[in-house]
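These are the structures in question, set out in turn.
Below, chain A partners chain B and then partners chain C, in two separate complexes.
Right, the complex of A and B next:
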């Protein structure tokens, strides 16, 4: 097979995986009875799922996030969303207005849900859905928090926490737009924090019963989100 | 990783009330956090305290078990919930069993009027319990006291660093500040039964202990602050411990002097008992750096305490004990007296 065809197959494969991941986010949104997710919210949810994925040793497909004026941004998210709308797997449900701009809110259709159910018959896809569902549940736990995302609605409120995400914040502080964010890497600031949380009990004073403080996957993720929230509150 | 980030992470892991409650139960911790965040938002942003006034005393028993029936009211549907409170929702009983989404699934006829009763009720159940008394919030699991927020409108979430926060070694400054901001102004704390006659409420230490603990917890940036005291004051563990994430450990013993409504007179001897008690803790706790006695003085006269010189003090005892004389005169009365002294009239 010629090299260009091999490359084409790999690219198509990656494209399919991206579509799947967006569908999983919207599937979780529907399953969790969440509302109002615009492209801003989808970008932020996918970013959190991607940047934290090494914790679960999962590799997701959106690796080209850059620092853009609304935070982490991947052009592939919008392209994939448009494609999913064109094949009726996703619909535009309503519109949200932020800073005088109107944004479409997306909802997965029945056909989209059926697609997800078929896709997740494959164990690797099921793992991906499970991972995205855990992150989405934690996002749901935080979007109702005090003072969070007051200019936004529904899931889009998560934007305030994403701005506090350590890897993104590091790039943002340098004020260099279009810089590729270290998504999928194991040695970025996000994973440094996650690695610390994985063995936090070893770093506590001896007076405390360290066994009680050992964290599992869910509590590691919650601690990470709580950290983002505390950073946000401390700044505001 | 930078030190500030490490401290914040340690603080949230050790002190966050949801994590503490989670260690005592087998609940889905993500759902518990969702409920906690939503409840906090409602209490901070949506309850019109001036409207509901002292009608806002109720218990939320948070359950993740599937219960079929629903009362048709949600505590997160604030406007309707507040209007129901004003229409006498709690007249027959104020114990609400609530699900993940805030729906009231059961409304008990029992009436719980103070945190001691709430702690007693919580002992009999596996669920997480919130006792809400106007702007104060108590959190219990299986009778165990987990958290206390003396004023939901002014508190900072555990781990939030603001200009007011200080390192643990400066805890005495924070105790002074808490006296000025909370105790002196009687903000969310009520220790006088008859102020003009200087009669304190029964078991007064209980009223000073939790607010001080809550204040230190949210204002110390580099330590876990825990409270050994039970809410009922039944057990002999009335200390606050500050455990820094380096190696230091500070113990604070609180005593309150004066006459109480139950005709008990806490005098110098009570302060001396506190001194003995604190020194006992200091002897038992090898890792302790310093122990401080904090005295809230409600006696008639503002005079020094007569210490019993026979009491053997540990080298870790902080001889600069802190005594706060509790003012019982109103600001205008005080101003009149000062003016009279100044002018000689």
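Right, the complex of A and C next:
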């Protein structure tokens, strides 16, 4: 019988969860009536979900994001996508290559949706889906209603806001590529901003408080995105 | 008994040669009864008395240079000294002594006893021989006895001493005259012993007093020192020490209790930590189990991801699953065909069907989720418990920290107390040491001084014992002396009264005890009584009274001596001027003349006292002319005297009937 060491079990667990989280992003895209999402979009959405996860007091499974020429990038995201494609949970909607780069758009399959349903039977997975859905809803709101850059389309437009994200922005200003981004670290600039926003939220007049947790979370998230947007505007 | 008395010297003949004081050499043979040396002033009458004394005993006490001065004063030359001599023929008892002395050197030129001439030789000192012979024949102890008797009794100079009121001299004269021959010497010897012992006693007493005073000072210092020690609150220190030692026990107990409390808490903390560790492990185990179940769940949902992933990479990207390198499409298609169609491994050809079977077909997902849920709950419960235990652990740590602080405080106080105890012990031990040291010094000094005091006390005691013993002997001798006096008292009083009666009426001599300087014990001395009063002191009499009484006393003494011992003596009197001023010359002459039949008497008088001379001569024998030395004949007359000589001769002729 194969003996698995503890770290192997944990890593195996993390691999499953990464698959789950990619599925949830693609599931949210389908639920929000968005046709597909590029592999760049998946990277950026997952990054935002990950870096803002402390707001929801959950930990996601993608930690090894690096500063790449088109923003935060994790090969785990791509590997997970490829795997999901391999098991027919995700389909490659379109695929093209340009110079050394390849472009692909992804869409969740019926089988993939079934997997999500199966996974969300488990409460922890349900929480993760919920969180990713919230973030994806706000992303959709911003990419659909603001004049973000014209270099990208659809969800990919969020790249402009991701570039304003404090942790990434700090690394990007250093202009040192391949540097691991401080995702999951407690003292990064994003966390500082989140903490600030949380304190503001706590001190908001109760008239705005519906008494519901989601609203509070979404309010903070909206403030955060507003900040990113303002940064984007001031940048542009 | 009589044989044991001393013998007084009787000068039988005097010869003066080569003395320039006189105009010529002269000699005189004394006769029983009155002998009269008469002349004017400055012709050598008084000097003759000294010549007799000098000739008999040598240089008179206190008049060492008498003759030498006279020579010098006289303008004599050095060469003349050797010519001045005196030769005495002395009768002592039955012995006849002849002695010739150089007046300026005191050397004996000639000495014979009963015709036996002694000469100086290599081994013979004439002075010594003379003294031995005198002592032998007279029974005196030393020649000094004769010196004393001559000066104090037998020669009464004009304005001379008063034996009657000089108690020491009187007593010695009485001792010499009326006791056995060596009595006086023995008395003086014992008295000297008493005196010596007394001197020793008093001397040692003084030294002892000094040491005792010093001893008292040291003892006081020691006492003060001891008192001071007491004042330095030794008791207080000891009390404080006792309190502190009690306190230290209590503090130590408190300290032990704290330490014990800490140990207990530490033990509890260890147990709790272990428990927490165990809980952590359990939680970790649970989490791990959860992860495992999760993996089972996920595995059930997904296929084994490895082979499908490799197949996917190969199929769509023609990428090798091992090295990520691209391979040709046809080669990739062949491998894909093997995997998908035959479901066998392209490398080892093992069956891959199992890896493609979806787990959910066999696995009860709800059951797994429940398990996860259960384990999750268990984990959360444990985490909750862990949190509580962690809280307890924190509290315990705080409690331990608090106890350590308390321990630090108690330990500090304990150390402070220990230091204070050490300090007090040092304080206590230090004075004790110093006191011991100081007291040891005091004790050593005290011992030394006490030894000294004891030493001198011993000497004093010995001296006291000796003094008592000697005093006892002296008292015994004084008693014997008194008994002798008792025997002569009646005669003495009788004679004395007889001499003075015509002058003072009834006058007696009574014995009274007097502690004289010389005797150191109360001894009997004679005190004259007249007009109903005892005349203890000279000032209790007038000058004429005291002079008369003195003459009478000396005459009486010699008369009693003569009566008791049968021994003669030569009593020399040079009457004072004063006695003639009161018109008592006949009474005095009458009194003196009573002695003519007793023994030898020499009266030295100035020729100007013709009334006195007339009176004493009247009572004298008929051969008075042979009893006179006329200094107008032998002396060197001054020019004035020469002018007066005829008148003097006439006057003397009238007196002595020449």
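What we mean here is this: the second predicted complex is superposed on the first by the 205 of 236 C-alpha atoms of A that agree within 3 Å, B and C clash if a C-alpha of one lies under 4 Å from a C-alpha of the other, contacts with A are read in each partner's own complex, and residues count from 1 in each chain.
Just so we're on the same page, a residue touches a chain if its C-beta (ideal position, glycine included) is under 8 Å from a C-beta of that chain, and two chains touch if they have at least 3 such contacts.
A quick note: this is a predicted structure, and the numbers were derived from the prediction, not measured.
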> Touching A:200 in the superposition: chain B (first), chain C (second), both, neither?
Replying inline: first
> What is the contact status of A:233 with respect to chain B (first) and chain C (second): first, second, both, or neither?
Replying inline: first
>> For A:192 in the superposed arrangement: first (chain B), second (chain C), both or neither?
In response: first
>> Going by the contact rule set out at the top, does A:219 touch chain B (first), chain C (second), both, or neither?
In response: first
>> In the superposed model, which partner reaches more residues of chain A, chain B or chain C?
In response: B
>> Tell me the contact category for A:144 with respect to chain B and chain C: first, second, both or neither.
In response: first
> So which positions on chain A get touched by both chain B and chain C?
Replying inline: none
> Can you list the residues on chain B that touch chain A in the complex?
Replying inline: 1, 5-6, 8-10, 12-14, 16, 18-19, 22-23, 29-31, 33-34, 37-38, 40-41, 44-45, 156-157, 159-162, 224, 243-247, 249, 287
> Of all residues in chain A, which touch chain C in the complex?
Replying inline: 6, 9-10, 12-13, 15-17, 19-20, 79, 82-83, 85-87, 92, 115, 118-119, 121-123
>> Which residues of chain A touch chain B once you look at their complex with the stated criterion?
In response: 134, 137-138, 140-142, 144-147, 166, 189, 192-193, 196-197, 200, 203-208, 212-213, 215, 218-219, 222-223, 226-227, 229-231, 233-234
>> Could you list, by residue number, the parts of chain C that touch chain A in their complex?
In response: 288, 291-292, 294-295, 297-299, 301-303, 305, 308-309, 311-313, 315-316, 360, 365-366, 369, 372-373
